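Order of writing sets the labels: A, B, C and D. Residues in every chain begin at 1.
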Amino acid sequence: MVKLAVNIDKIQLKNPVLTASGTFGYGKEFEDFIDLDRLGGYIVKGTTLHPRQGNDYPRMAETPAGMLNAVGLQNKGVDYFIDSIYPELTKYNSHMIVNLSGSTVEDYVIAAEKLNELEHMPAIELNISCPNVKEGGMAFGVSCAGAESVVKAVREVYKKTLIVKLSPNVTDVTEIARAVEAAGADSVSLINTLLGMAVDAEKRKPILSTVTGGLSGPAVKPVALRMVWQVFNAVKVPVIGIGGIMNATDAIEFMLAGATAVELGTANFIDPAVTVKVVEGIEDYMKRHSIDDVNDLIGALEV
Amino acid sequence: MVKLAVNIDKIQLKNPVLTASGTFGYGKEFEDFIDLDRLGGYIVKGTTLHPRQGNDYPRMAETPAGMLNAVGLQNKGVDYFIDSIYPELTKYNSHMIVNLSGSTVEDYVIAAEKLNELEHMPAIELNISCPNVKEGGMAFGVSCAGAESVVKAVREVYKKTLIVKLSPNVTDVTEIARAVEAAGADSVSLINTLLGMAVDAEKRKPILSTVTGGLSGPAVKPVALRMVWQVFNAVKVPVIGIGGIMNATDAIEFMLAGATAVELGTANFIDPAVTVKVVEGIEDYMKRHSIDDVNDLIGALEV
Amino acid sequence: MKKSVKDLIILENECLNDDSHKIVFQAPDVDSDILPGQFANVLVKDSQTTFLRRPFSFYDVDVDEKSFSLIIKKVGDGTRKLCSVRPGEELSVIYPLGSGFTTPEKDEKVLLIGGGSGIAPMMLMAKKFAPQTSNIHILLGARSQKDHIVLDEFEKVGNLLLTTEDGSIGEKGYVTNHSIFKEISSFDKIYTCGPNPMMEAIGKIAKDNNIFCEVSLENTMGCGFGVCLCCVTPTQEGNKCVCTDGPVFNINELKW
Amino acid sequence: MKKSVKDLIILENECLNDDSHKIVFQAPDVDSDILPGQFANVLVKDSQTTFLRRPFSFYDVDVDEKSFSLIIKKVGDGTRKLCSVRPGEELSVIYPLGSGFTTPEKDEKVLLIGGGSGIAPMMLMAKKFAPQTSNIHILLGARSQKDHIVLDEFEKVGNLLLTTEDGSIGEKGYVTNHSIFKEISSFDKIYTCGPNPMMEAIGKIAKDNNIFCEVSLENTMGCGFGVCLCCVTPTQEGNKCVCTDGPVFNINELKW
């Protein structure tokens, strides 16, 4: 038997496969397709203090080997999550993690305080990198000062594992990573979506109602791998790799580049059973390469 | 007859289709495939003051809908270009433009002075965004101060049309665009490649000898379109759109987003006759949409 | 019936006209739970331009033969590619997805209106309820006679009415110009699927005449099963997902 | 012959063994200028994983029939896809590319050595010069008997020698273990194509014995016609492009 468990701060994940926020609903939408308990954990929908309607349709555009989205954090707010969703999710024993967004530092803090009380939720992922909302969101994630201010404030009230999700839309991602580590993050996850745009040449209009949106899928994988590698070499906290992971080989590439765990996003849309296949594929790879402990893959790239 | 001519500063291009540096050799390599005189112009290989051997093999990795390269500006230097290449190229009547790189401001300036003397070369494209060289290159292009310093210095000695090629590896591309415009650029072209990485999971090694390299091809098109649109709305000088353009529809999308002309790069590898097909495709589109003047497409996106 | 993602064998690919194909899938687990209006989300293999799945309404479900069929109209790279599939090949399908049309009562007079590729769910609707009622009227609109497909199939399951924009078959004009609308108040329920402008016009008539009306929307989809929130339509209760809250909506729910 | 990019009709796709196919292209403009060692760069259509073209050496050129053939070994998605092409379909090909092997003199004793997919250019080489000399020796190496393909074709054009790693046919061992190397100094010229370690070993022997030796490299390529500078190999005169300065190099040019 190969050992698949990895640690993110105080949390032990039974394997390195997580799901990316905004692509996995609340998890329960996948019940028909997979056994959620096979996953290392699942990160649910981006949640904000107050309910949000999100952006207007169209919110999606297909692009070469990827897609743009401009959902804009549609969700019913943190109280609704706590009262109506959370209790249902406690039946799964895989770790549930919520992704938290906000427009102001205060919003983040109030919501984080509430989430701190949830016994069966060992961590939050702080989204300081959403490119699809006018206020807050990415604005925090693209400067060291902005990132630091949110993370510091949330750290004060949130006592469990604090994962901070980084934006790729920056000149130097290692700067931001170091800033959030210094501000108290227990782990960093990256990348969120790359800011992009799609045009309908026939209609001479942007495809998205918001003109620009966030690019995800295999197209972004090279950029994501590079940033994971850079950040792995810049910080001490565990790195979670995200961006265009479609299969076990992709996941292993991220681990070799320094990721302790990975999140699968867009891949879930193409194959809702992909996460479990990736867990199995990592196991296969380890057997073929005679690797007993998945931790031996982390950052094992020979350069 | 539809009118295809566009102006970049003082230069009139017979149509908006150019080629991207580093993907079109010196042009003459395409003689068997196309009539170079059908193009709006062609931008030749990245040239530096001194000869460069470039990076070690492997310099290339295929990625989803794109490729990474780490050529590292292999070239025989500006004097060789002037003495041995330039005279041969004067036989074509399409505009020839050289792409100029450097490790120091001084290097840029000395080379630009030499290029200023070439009668049949109406412009240079200043590459301040090459991600594949250790010194200079992208370093200049990712800060306003760096970009400004090179452009100002070159502007002093280079009297013809000065196009500055921008890096997409920045937090805010409009800042850099404004800085180079203020420093005297007559036009900006974007994007150069996105910094990325590829890993061989089986060998547990990076694929490129340099670990990271520059991502190009359709994968980057959404990011490129977004940046062209942002820069078009930020500067007054003409914008040249680059990034993943594979056909006429893509070219038109860039023009609608604000590009006065476009450069085709990686597409030339897949189809060495693609540039002429794009010229024809733009003409077709204009006829179908009853557009007489291609200039009417520039920035015509209805938002 | 549980949702699943499966590789299904293609049993048949019948070309219906220049644009449209009927494709029959072997589906060992189909049962009679599948409702008209529900859809399948099909993966386009081996395409450089088609990354996401493509949704299609069930046209027919054969519980005995364990198969279902879709009608696919070629509008872009994905549908073109799907229409070239050969019997014996496999396609990955997620199904059944979405909500269905509500069931009309036995004695109700029902009008089914289909336009373009929106005719598909109307067939399953008519087939499901034909045994219970003789009062099904089916109105199909198209540009021209050659665009009207599977008419003989529709004739078997209801009273068939046609319009064409060029008058080459049926009444001339859009579906909403059809003379049946003169007696629209005699209908109890209208079900429709087709281009949005058509459905909006029908919705307006239904509202004006206080007739129950359900429409099936065709918003572009990221996932098809309620997790990406890309397919939303504004409703009286805020944005709702077309793929899970719909594709079928009562017109009173929508902001039309 | 001018280089061109063309959609060529596939005339034949012959499966040679589990891994390799011979694919015959109709090519109206082929002429006898095409040299052994030159290659064609083939576009893989309809693949989500294969973006760039794939280069293959000419295996045979039939100037009368206006066709050429390639031998393609399945090693990844691109080659797998190409091996599934059907006669009548078209593939986009850029050809002819690269430099060829130099022509041996009439009376010279020549050894052609092929390993793996590197056997392809050796066939064209042998065919071109077989009429002029009886002194062609062809040494082919593979893992096992089943990996040796088109042996009957090679027998027609020279004195065929074989090795296998498992000894199932020919001499046991690598090509460089073959007994012919005992008399290597009797050869005037060696031409080889195959895995780099094999070619390096051969190159060393050639150098030691002062024998003229050309090798054909298989670096991965971005363009195939000299514009991307991705396929370089270090030479005595600095980095050179395998696609235009090669793929054939004299071993003395290389830094081996």
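The rule is short, and it goes like this: a residue touches a chain if its C-beta (ideal position, glycine included) is under 8 Å from a C-beta of that chain, and two chains touch if they have at least 3 such contacts.
Everything quoted here is computed from the prediction, not taken from an experiment.
> Listed by label, which chains are in contact with subunit A and with subunit B?
Joint contacts: the list comes back empty.
> I'd like to verify one number: the distance from the centre of subunit A to the centre of subunit C, where each centre is the average of its C-alpha atoms, in whole angstrom.
36
> Averaging over Cα atoms per chain, report the distance between subunit B and subunit C in Å.
47
> Between subunit C and subunit D, tell me the centre distance in angstrom, where each centre is the average of that chain's C-alpha atoms.
Taking the mean C-alpha position of each chain, the two centres sit 55 Å apart.
> Among the residues of subunit B, which ones contact at least 2 other chains?
As it turns out, subunit B has residues touching two or more other chains at 63-66, 217.
> Two or more other chains in contact with one residue: find those residues in subunit D.
Residues 48, 51 of subunit D touch two or more partner chains.
> Looking at which chains touch which, would you call it a line, ring, star, complete or other?
Its topology is that of a ring.
> If we use the touch criterion from the header, which chain pairs count as touching?
So the chains that touch one another pair up as A-B, A-C, B-D, C-D.
> Which of the residues in subunit D come into contact with subunit C in the complex?
46-48, 51, 81
> Show me the residue ranges of subunit D that touch subunit B in the complex, using the header's touch definition.
For this pair, the touching residues of subunit D are 2-5, 43, 48-53, 92, 94, 219-234, 238-239.
> Touching residues of subunit B toward subunit A in the complex: what are they?
That would be residues 61, 63-66, 68, 142-143, 169-172, 194-199, 201, 204-206, 211-212, 215, 217-223, 225-226, 229, 244, 249, 252-253, 256-257, 285, 300-303 of subunit B.
> If we count contacts the way the header does, which residues on subunit A are in touch with subunit C in the complex?
Residue positions touching the partner: 22-25, 29-30, 32-33, 53-54, 56-60, 62-67, 69, 71, 74, 217, 268-273.
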